[in-house]
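Pasting the structures here.
Two complexes follow with chain A in common, the first pairing it with chain B and the second with chain C.
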Partner chain A sequence: MPRALPYLLLLPASLFLLVFFFYPFGLVIVESMTRGGEWTTENFSRMTGHWKFSSAFWNTIWLTAIVVPVQLVMALVMASVVQKLKTGRSGLLYIFAIPLGISDLAAGLIWLAIFEQSGFLNSILHAMGVVDQPRLFLGYQSIWVIFLAVCLAEIWRATAIMMVIIVAGMGLIPKEYNEAAEVFGATRWQRFIKVTLPLLRPSLQTALILRILMAFEVFAVVVALGGTTLPVLMGETFQWQFQLQDRGVAAAYAMVILGLSVAFSLVVLRLLHVPKGARI
Partner chain B sequence: MAEIAIKGVAKQFGDFTALHSVDLTIADQEFMVLLGASGCGKTTLLRIIAGLETPSQGEVWIGDRRVDHLPPRERGIAMVFQNYAVFPHLTVFENIAFGLRMAKLPQAEVTRRVTRTAELMHIEQLLKRYSGELSGGQRQRVAVARALAMEPDVILMDEPLSNLDALLRLEMRAELKGVLAESRTTTIYVTHDQVEAMSLADRISVMNGGYIVQADRPTQVYRNPAARFVGSFIGNPPMNFLPAQGTGDGRWQVAGQVFDGPKVEAAEFAIRPEDLHPAEAGLDAEVRVVEPLGPHTLVTAEVAGQPFRAVLESDRAISPGDVIPLAPIPDRIRWFDPDTHKAIQ
Partner chain C sequence: MSDVTPPAPRPEEVGRAGRFLFWAGIGLLVLWVLVPIWFLFVNALSAPSEVTSFPKRLWPSFDMASLQFFWNFQGVTRALWNSVKVAVLTMILSIGMGAPAGYALSRFDFPGKEFFRVLVIMTRAFPLPLLALPLAVMFIRTGLDDTVLGLALVHAMLALPFAVLITYSLFSGIPVELEEAAWTLGCTRFQAFVKVVLPLALPGIAASAVFAFVISWNEVFAAAVLTIENRTLTAFLLQSLNVSPLPLKFAGGAALVLPALIFIFAVRKYLFAMWGIANR
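Presenting the complex of A and B:
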């Protein structure tokens, strides 16, 4: 009996996951590949045939490609600074972590309050005499401004999660490695590149996978700042599901997001693989 | 030439003084051991020489260069860490090559030096492995090889053997001594293990409470402790101390026996446990515990109410409760000032 006990204790959670996660998940897969009860690829061809698909796809990819590396660098810099602190470390971590407590929609609205026509940015520019009347930043004529605002909001919102993971990871690296590198001639930069980064690979894996998945699912911030002017994959899923009432195509979009997530997770796992025996 | 001179080096951590103005000169190619209990400042001193810690005061000279303001990499040193600090993400080869690559040596030279030091440390068959696949002893060898490959002026070692099991420590100790003597580098070696210190050192600096109490050849440190602390710290079992009453003219009464001693106001009598032998007349020792150790027997006793230890021939039958007169070898008796705890010459 004691041998079975752990499994018994895990059973409710496992059942919950099976019923409320894997079952609906399976339904979505089936939905994406059927139409009117028939197996078909029509959902996918409808999706790719739609004029917004390509821009939604590439907007999502570009957002991820810009936001994630910027966040990675920022998180590494911030974590290194936090790591060096002797006092006030936890206080600073709390401050950095504040955006984590805000929902993505609220984050989008905060940045909307900055960028909209009657927003803070216009007020400041007007007060300083840079503009004589408020500008429309987030209009459809200037999609790149919306794109930039989304990047800013995303970076502001989700850098902390990476930083927290990296700070924890840096805490796991014994300081003797850094000292050894210092004694054996490495400069500060070389120590970071040759010792800290490689030893940080497990944490970088976690941080990057988590962040890339979040980036592919970007939605509320985009909606808040650009409505549908800047289409992204998650936004299109929402559109097809609720505006166009076509669950099949929505499911197909969901599959694309899933495929991207799995593919990039595998790439990250592969790139940052730590061979057995080479762990701390 | 890599003579090391430490001039008035002090270190405070907040209110705590880890080192009080330490002066020490280490000759070129000398093997200097810093010996002391934990918290005595020996590791702090080593880290100051390495450049991993900055002194609050004082100067550190290596050769004819003042180095205390230089980063570690510009000091011409290599170091072996207590936990080895063998990089887990690099193979043994790359670990040994680390410093050479930082110094941008040509590949051929890197390979030559790595191969040579790996052979010297008998780890040439491990070069492709990661540190996670090595035993503690093998990691230790990699750490030493990495230091030797630098062909440094000075090698610093921070308790390098303390994480090894007893047998391996004995083996590595002998090997280190041979390898380091051959490399002809100046070595500073930190340990709390007095046997290690005695067996390796050209000179031992005994440290206590942030001071260097005595820096001398191992036999001198053992035979002629400069201070009571050295006598009580070095030797297993340590030196015995007994109060002495002066009877004038350099004669001292110790536990009912009269000995010739220094002509001073007050003195404390001291003798090493192995410098005692049973005799017709001597210090009357009331035996408490008898521990046969094979070659000899360790006797714990009381003399005039003071704890007293003697290492005696094992062929003598002694049991607890016996009172045996123990005679000290006259020229092995040492005297200490009871106030300053310094040796009286």
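Presenting the complex of A and C:
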């Protein structure tokens, strides 16, 4: 009995993973490569042949490429600032962490309140005398503004999760390392670059992987701000599954997102690899 | 759990200008987080005519008409209730399966332990909301389509890895010696768990349950794919985005944000332990 106990405790979770993780992922792989019961690449050729595919793909990539580095820097700044604080640290941390609990859809609606035609950006510009009439920001004539609004909403929403992981990671770094560097005359910047950052690699790894994956899954923010004007991969997946009722192509899109996620996770793991002996 | 808080800052020699910049930076970051949420609530707490008018005031008129309109809108109360039901079920399922697994990982050494742990961590490298696509088919076959339980199962899959990793670190933080002492005093393994470990772990478990609740409450993609009649609030808002008037969107957004704010505040002590440590 005692020997079987851990396995018994793991059983429900393992079974659940099997049925709701491995099995469906197998299904989606099969679904993407079959059509009407036959093996084919037609789903993929239909997907790539559709005029929205390449813009959806590149919009998602560009969004990730712009948003993630900005967030990384912001999260590092927020975490370092919080570290320095003597009083009010927990209050400040709570405020910084608020977006963590906010749904991507709600974040999209929040930024819609700012960017819509009668919204707060127009009102503020009007009050400053920059514009006479409210301008239409989120129209199809100016997709780049939608893109910018999505970037801002994403940065606003998801910096918190990176910050929280980084703050927790900084807490694990022994003070002695920094003190030693200080004794040897390292400036604050040098200590940050040469001591804190390298020791923070495991946390950076997690933060980046989580964040990059979330960026590839961007969906509700885009729908809330631009409808289908700005195509992204997850939005197209939803369109094919729901509006066009073509599960094969939706599965093909899913494979693209899956492929990107796994590939970038591996890249991050490789870039920020920490040898086993060097962990704290 | 408490050793998670970052080390206390050391007194530093900061010039007056530097200090001013430091606090100005903090002020800006705080505004960056809070002002967008403020705008959403200004909209939600103003009359519909004010929401669509221009220019906007930066202060709400505390007119409940928008919220009333939202509350009385066809399908809203039902969607709200569905969201609550799905989230509660998600909470029960993910903690019910995750906590035993977390306990097993923290207390036993057994072949396959590392495999299971890596498996759970690996699920993070996959875009889990995509699971909704193949599961939609599977649910139609089993009669789970468009049900609260079906969606809760998918959300439980989203929350399970966190539940396992969080409870793992939670139980690891409770000394084995306490349990062993209870055994020597005649407790069975189960009694020792219930009388000694559980009371100590309960606040943390409750916090991770709240976390599972928030994950489900905020989830958009799977909810929109898997439900038609029994839509959750996020699915309802998403699918009525292009037809619903602005006051409805903003009131809906506020209804999404408010519970999340309260929950994040309730578990703020555990935020760093949960996201920071469990994510490593």
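As a working rule, the second predicted complex is superposed on the first by the 280 of 280 C-alpha atoms of A that agree within 3 Å, B and C clash if a C-alpha of one lies under 4 Å from a C-alpha of the other, contacts with A are read in each partner's own complex, and residues count from 1 in each chain.
In the analysis below, a residue touches a chain if its C-beta (ideal position, glycine included) is under 8 Å from a C-beta of that chain, and two chains touch if they have at least 3 such contacts.
These numbers were taken from a predicted model, which means no experiment stands behind them.
Applying the stated clash criterion after superposition on chain A shows that chain B and chain C can sit side by side. If you stand at the C-alpha centre of chain A, chain B and chain C are 80 degrees apart, rounded to the nearest 10.
Residue contacts after overlaying the shared chain place A:73 against neither chain B nor chain C. In the superposed model, A:244 lies in contact with neither chain B nor chain C. In the superposition on chain A, A:136 makes contact with neither chain B nor chain C.
Residue contacts after overlaying the shared chain place A:210 against chain C, while chain B stays out of touching range. Using the contact criterion defined above for the overlaid structures, shared-chain residue A:65 touches neither chain B nor chain C, since it reaches no partner.
Residue contacts after overlaying the shared chain place A:224 against chain C, while chain B stays out of touching range.
By the touch criterion stated above, A:171 is placed in contact with chain C alone, chain B being left untouched. Set against each other, chain B and chain C touch different numbers of residues in chain A, with C touching more. No C-alpha atom of chain B lies closer than 8 Å to one of chain C in the superposed arrangement. Shared interface residues of chain A, touching chain B in one complex and chain C in the other, do not exist. Within the complex formed with chain C, the residues of chain A that make contact are 2-3, 5-7, 9-10, 12-14, 16-17, 20-21, 23-25, 27-28, 31, 77-78, 81-86, 90, 92-106, 109-114, 116-120, 122-123, 126-127, 134, 156, 161, 164-165, 167-171, 175, 188, 202-203, 206-207, 209-210, 213, 216-217, 219-220, 223-224, 227, 234, 237-238, 241-242, 247, 250-251, 254, 257-258, 261-262, 265. Within the complex formed with chain A, the residues of chain C that make contact are 3-9, 12, 22, 25-26, 29-30, 32-34, 36-37, 39-40, 42-43, 51-58, 96-98, 100-101, 103-105, 107-108, 110, 112-113, 116, 119-120, 123-127, 129-131, 133-138, 153-154, 156-157, 160, 164, 189, 214, 217-221, 224-225, 234, 237-238, 241-242, 246, 249-250, 252-253, 256-257, 260-261, 263-265, 268, 271-273, 275-277, 279-280.
Of all residues in chain A, those touching chain B in their complex are 174, 176-177, 179-187, 190, 194-195, 198-199, 201, 274-280.
Residues of chain B that touch chain A in their complex: 50-52, 71-73, 77-79, 81-83, 85, 87-90, 98-99, 102-103, 129-133, 146, 150.
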